[in-house]
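The structure is given below, and queries will be raised subsequently.
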Amino acid sequence: MNRFGERFSITTFGESHGKAIGCVLDGVPAGLVIDEAYIQSELDRRKPGQNEFATARKEEDKVEILSGTFEGLSTGTPITLVIYNTDQKSGDYSNVKDIFRPGHADFTYFHKYGLRDYRGGGRSSARETAARVAGGAIAKLMLAQLGISVQSGISAIHGIEAQALDFNYPKNSLIYALDKNVEEAQKAAILDAKNGHDSVGGVATIKISNLPIGLGQGLYYKLDAVLAEAMMGINAVKAVEIGEGIHSSALLASQNNDPITPKGFKTNHAGGILGGMSNGDDIVLRIHFKPTPSIFIDQESVNTDNESVHVSLKGRHDPCVAVRGSIVCESMAALVIADMVLLNMGSTMNGIKNYYT
Amino acid sequence: MNRFGERFSITTFGESHGKAIGCVLDGVPAGLVIDEAYIQSELDRRKPGQNEFATARKEEDKVEILSGTFEGLSTGTPITLVIYNTDQKSGDYSNVKDIFRPGHADFTYFHKYGLRDYRGGGRSSARETAARVAGGAIAKLMLAQLGISVQSGISAIHGIEAQALDFNYPKNSLIYALDKNVEEAQKAAILDAKNGHDSVGGVATIKISNLPIGLGQGLYYKLDAVLAEAMMGINAVKAVEIGEGIHSSALLASQNNDPITPKGFKTNHAGGILGGMSNGDDIVLRIHFKPTPSIFIDQESVNTDNESVHVSLKGRHDPCVAVRGSIVCESMAALVIADMVLLNMGSTMNGIKNYYT
Amino acid sequence: MNRFGERFSITTFGESHGKAIGCVLDGVPAGLVIDEAYIQSELDRRKPGQNEFATARKEEDKVEILSGTFEGLSTGTPITLVIYNTDQKSGDYSNVKDIFRPGHADFTYFHKYGLRDYRGGGRSSARETAARVAGGAIAKLMLAQLGISVQSGISAIHGIEAQALDFNYPKNSLIYALDKNVEEAQKAAILDAKNGHDSVGGVATIKISNLPIGLGQGLYYKLDAVLAEAMMGINAVKAVEIGEGIHSSALLASQNNDPITPKGFKTNHAGGILGGMSNGDDIVLRIHFKPTPSIFIDQESVNTDNESVHVSLKGRHDPCVAVRGSIVCESMAALVIADMVLLNMGSTMNGIKNYYT
Amino acid sequence: MNRFGERFSITTFGESHGKAIGCVLDGVPAGLVIDEAYIQSELDRRKPGQNEFATARKEEDKVEILSGTFEGLSTGTPITLVIYNTDQKSGDYSNVKDIFRPGHADFTYFHKYGLRDYRGGGRSSARETAARVAGGAIAKLMLAQLGISVQSGISAIHGIEAQALDFNYPKNSLIYALDKNVEEAQKAAILDAKNGHDSVGGVATIKISNLPIGLGQGLYYKLDAVLAEAMMGINAVKAVEIGEGIHSSALLASQNNDPITPKGFKTNHAGGILGGMSNGDDIVLRIHFKPTPSIFIDQESVNTDNESVHVSLKGRHDPCVAVRGSIVCESMAALVIADMVLLNMGSTMNGIKNYYT
């Protein structure tokens, strides 16, 4: 199952070292200006090989539109975006052909499918997330027409936490930091890990603003539930928090409830969601990424014959997958909201009558 | 959208103060012994009104099977479970008819739908979760046939954390505590909140054992993603962690990767999931519940005319929703695993050929 | 899989001789007046035991609403409709416990599931279609608000074809005939079959009027495709035609194309659908029902041990399942259109902007 | 919605005169030999420009695999097939830019989406069906492993009916005729229509053999219902018959029921399906295609300003769309069966236990 979303859906395809990766977007409304330069600019934010904080793999990540547009506009038909792989060094992986890299999907894919494309993790590679970013860019184009914005940044690295979140700052930061004051310490943590042939975890924070009230569907396609699914499904994510998140379990209701006033909510412990629906306030998510499992330190593992081996990885890897991962979170959030915007239409008889008459 | 699951699916219905709540299970394999007493016993674990740590609302929560079984066995057709509401005191809610209770879904439902069943929260009431528990019981019956177990308990209340987890202990504890040594402190925290007309948050931990390797589908129906969706969709949940969870973002890979040996994984930071699939180890989830929003302390809010009001709730509420919520988490986890068990069949050509020949 | 529809969906449950049959409707917009008397009146049209042209089984088919409404209006939550079985004579079926009735689902259910509820066909009984009619009634209530009507009637029995279709006439006819001039001949054909301990086939025609242009989604949820699925899925249906139907394969395009004028289409060979979407003209469907397989004539069959047996059915059966089946076709058509109405919202960026601003 | 199938699913994309058409197959089991030459050979059967009975448009229809295979085997990940468009003569369509061709989707697409890619019908072009054939080829590869075959041919053209069906003959016939004895008359009917600047309708017949008993899911994903959806969704199809089809409505049950013997069914009026499930006998479908709406005769229509116009089409079109359409029917049938094969796994508790132990 490689599709996500009900009405505004994305289906991705492709492997790290195959011919191409890409996606098909189904449900994009007709008449949306498909700004190709914008899509490319979003991909460029996630693109590897740009500095010392990311893998040295240099992918151009040039997006090509194969279908679904006409004279610059979406037509209501499926939009296919393709990114051809260019800098595959499959040779790097011949030494892990028969062994399972700790912390990776090698072990589970092999046991589920009986075979696997071992080159760069194949389908389970984070490279696939470029397709999510390409698709998310189109979602963001649609949301922008409604005034909805989705922003992201890095709030923590190796436990070094941002004290204040400035969502305008990440574009100025090589590690997409949200807090200029801890940025250097966070960078140092990444480089320390890298220099130790290790890697380090981090936290992305997402902010979604200017939502209509009431996005989220019934009790099993709740906005928070689907956002959690979207985030937890991103490579290396191990925890998702909404609003007060993990702290809420240590609070009293008198501390955690958000008083309501005629001008809106006084506080936002809820993180913009009540009863599984947007309440009009900013949605705030914290997404925890584990450290990139690919490290150059000797590790214990087994091979496909279940014999004990030692793994000494080579190749090119991100010392902190959270950094570029934050862009993926932003893209997935945009895809969720676009879907919820479409699903919400038709919630009331009055809305339907207005639409058709 | 009130359905959950692809192949083993549950659709729930019903409101807190309507005639009944219930669910339809679709995709239950034929030939499963449907042990009605077991389903009832699961409901009894979630049942309100049993002690001072839960709401005083006394619901019998007697389950009735309307369809899908014949001579005690599932037939492969939809199984409908109904629980009639008996102890509705709708009068308790007349005072909140036109106002929005802070921390509740009142505000969002009203704005989305233009009207709402205000009695006890209507559809958004945690009462609906009884239907999840009934459905989850059937999932657990199926999983038991494969040797898979799903267990739950309370690991933290108001920040008071279990130091060791004993999944055999909760059945002896009125608050389903996992650690006998902190149980009394956790109980005290709940009663303190209750006595202060307040409520308190907590954390449930779920353990799923004896899974086959490879459950989880593709990149958008990953096991971790769907578990996160399932948990975050439960009333009052604000964060979900898998394995090392939030701590993983503060670790180095050399600390977080699980070495593999011919006898299995040496550690379980992954929480039993790699690349979105079960790796054969125990799956461990931590689910953070906010404090029950219904409290008897004066709160600021607005009414349906957006005028400032003060809310003084009455009624019967859980002082800590996490306690009974842990049973719901367990049930949802069972539903997810049952679905994944079915979806996983047909992953390989060899498996298909063996099945049909 | 016992659910139908994407956004306005119905899930049915129940067996012929179980406690109850019913359905859960998910996606019904809030604020629709749920006219219980109307739903009952629709069920009464399908109800058995009313005259010599239908089975003598006397089911009251009294509908009860279990959830989803408040003060007479839909609330946007799942609407559950239940019909309790009252006139089950399970004893009638003990003689077919171990044998497969020709033309019935007995053989396939037994081989698929390894067991079956043999009483009255269990789940595969046409009794389940009462749940479709109940759900279809709510779809019709919604469509009526948009001016859309769905009508049905019998066009042919045993090859005796209506020469003109009058959709106002069926309510006056015990066999829901569309053409008064052939009604008596059609009735005679049914009674002849009945008197010969046999049964006979027939054709229902459906007309859907006043549709907006453009209902139907993409290339795989086309309006014609989904209508075909809906109709072919009804018990005993063996062919579905749209517009010119089977005749279209014998025509030239110059005969079959519908010229377009500023006032609309000159002819309607297309049956109201072009490119899988409604074109604004009436949708016309012809649905062919085979004769009820239950007959009182001796038939060859096998038992569950695959031994040769002779079947002599007893029980109460419709001599022409098409008659009451026409109501089911109408209901399924209404469910399809209601779904398409919701799905169509959000097809254009302009439509979305208007909805949200 | 451009996806078809639940577990073995196809999502197609692309327009007649865009860069490419193609599909993503999701759910293909791992370990299937992906025979690229076979896929190409299937496309070649549908390919235009091969003789006087098809459009002169010469598309190479060369398939390229973008993802999902490794060393010649499927890996369990999405398989993407792309066919680049090469012989687009968009200029041919400039004269229909602002007018609606009778019998085509122009009218409905324009009204639904507010704009359309008018070149060659854009997305609604039958060219998209090449993607279905490519996907269907992979489904056929999988089915072949289970011994299941899907065959097709032309049974009728312009009312000239085959008297006997020989499924080995179509490969020898330029019009894929099933009956050598009427082949020449059928060919003449096509050429007559073509010479008259007209086109003609026809009927394809599909035969699916060697199915396991019990394929088909519940009451709303019945095998017959989904086959009907698959067939009716193909361009130009206006009627679908299963087994006795339209004749069943004129028969008595004593004529239509299939007696069962220890060696199987004596007759096959049912067309291989009982109660929505395969009964082990051959599935036989008749699919009625209307004449290609594109003809070179003057026709009445309107333009996008709803003004009366006369249409004189140019371009290259099939004089009988049923001929190449039969290959598409075969492909869609294969996709349906592959899906049902996967869905059927897990129908019984015994089957599940055997699979996992």
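First chain written, first letter: the chains are A, B, C and D, and each begins at residue 1.
Here is the rule we use: contacts are C-beta pairs under 8 Å (C-beta built on N, C-alpha and C of every residue); 3 or more make two chains touch, one makes a residue touch a chain.
Remember, predicted model here, so these are calculated numbers, not experimental data.
*Asks:* Have a look at A-B, B-D or B-C and name the one that copies the A-C interface, over half of its contact pairs being the same.
*Replies:* B-D
*Asks:* Can you tell me which chain lies farthest from chain C, using the average of the Cα atoms as each chain's centre?
*Replies:* Farthest chain from chain C, going by C-alpha centroids: A.
*Asks:* Report the inter-centroid distance (CA atoms only) between chain C and chain D in whole Å.
*Replies:* Once rounded, the distance between the two centres reads 26 Å.
*Asks:* Rounded to the nearest whole Å, what is the centre-to-centre distance of chain A and chain D, using the mean of the C-alpha atoms as each centre?
*Replies:* 38
*Asks:* Between chain B and chain D, what is the gap in Å from one C-alpha centre to the other?
*Replies:* Measuring from centre to centre gives 45 Å for this pair.
*Asks:* Give me the residue numbers in chain A that touch at least two other chains, ranges are fine.
*Replies:* Each of 1-3, 6, 12, 26-27, 30-31, 76-78, 109, 112-114, 123, 218, 343, 347-348, 350 in chain A touches at least two other chains.
*Asks:* Pick one for the touching-chains graph, please: line, ring, star, complete, other.
*Replies:* Looks like everything touches everything, fully connected.
*Asks:* Okay, in this complex, where on chain A does chain D touch?
*Replies:* Residues 1-3, 9, 11-15, 18-22, 24, 26-27, 30-31, 64-68, 70, 73, 75-80, 82, 109, 112-117, 122-123.
*Asks:* What residues of chain B sit close enough to touch chain A in their complex?
*Replies:* It comes out as residues 1-4, 6, 12, 100, 102-109, 111-114, 123-124, 128, 156, 158-159, 193, 196, 198-203, 213-214, 216-222, 224-233, 237-246, 248-262, 266, 269-271, 274-280, 288-295, 297, 299-302, 306-308, 322, 343-344, 347-348, 350.
*Asks:* So in the complex, the part of chain D that touches chain B is made up of which residues?
*Replies:* Contact set of chain D toward chain B: 6-7, 26-27, 29-32, 74, 76-78, 142, 145-146, 212, 218, 341-343, 345-357.
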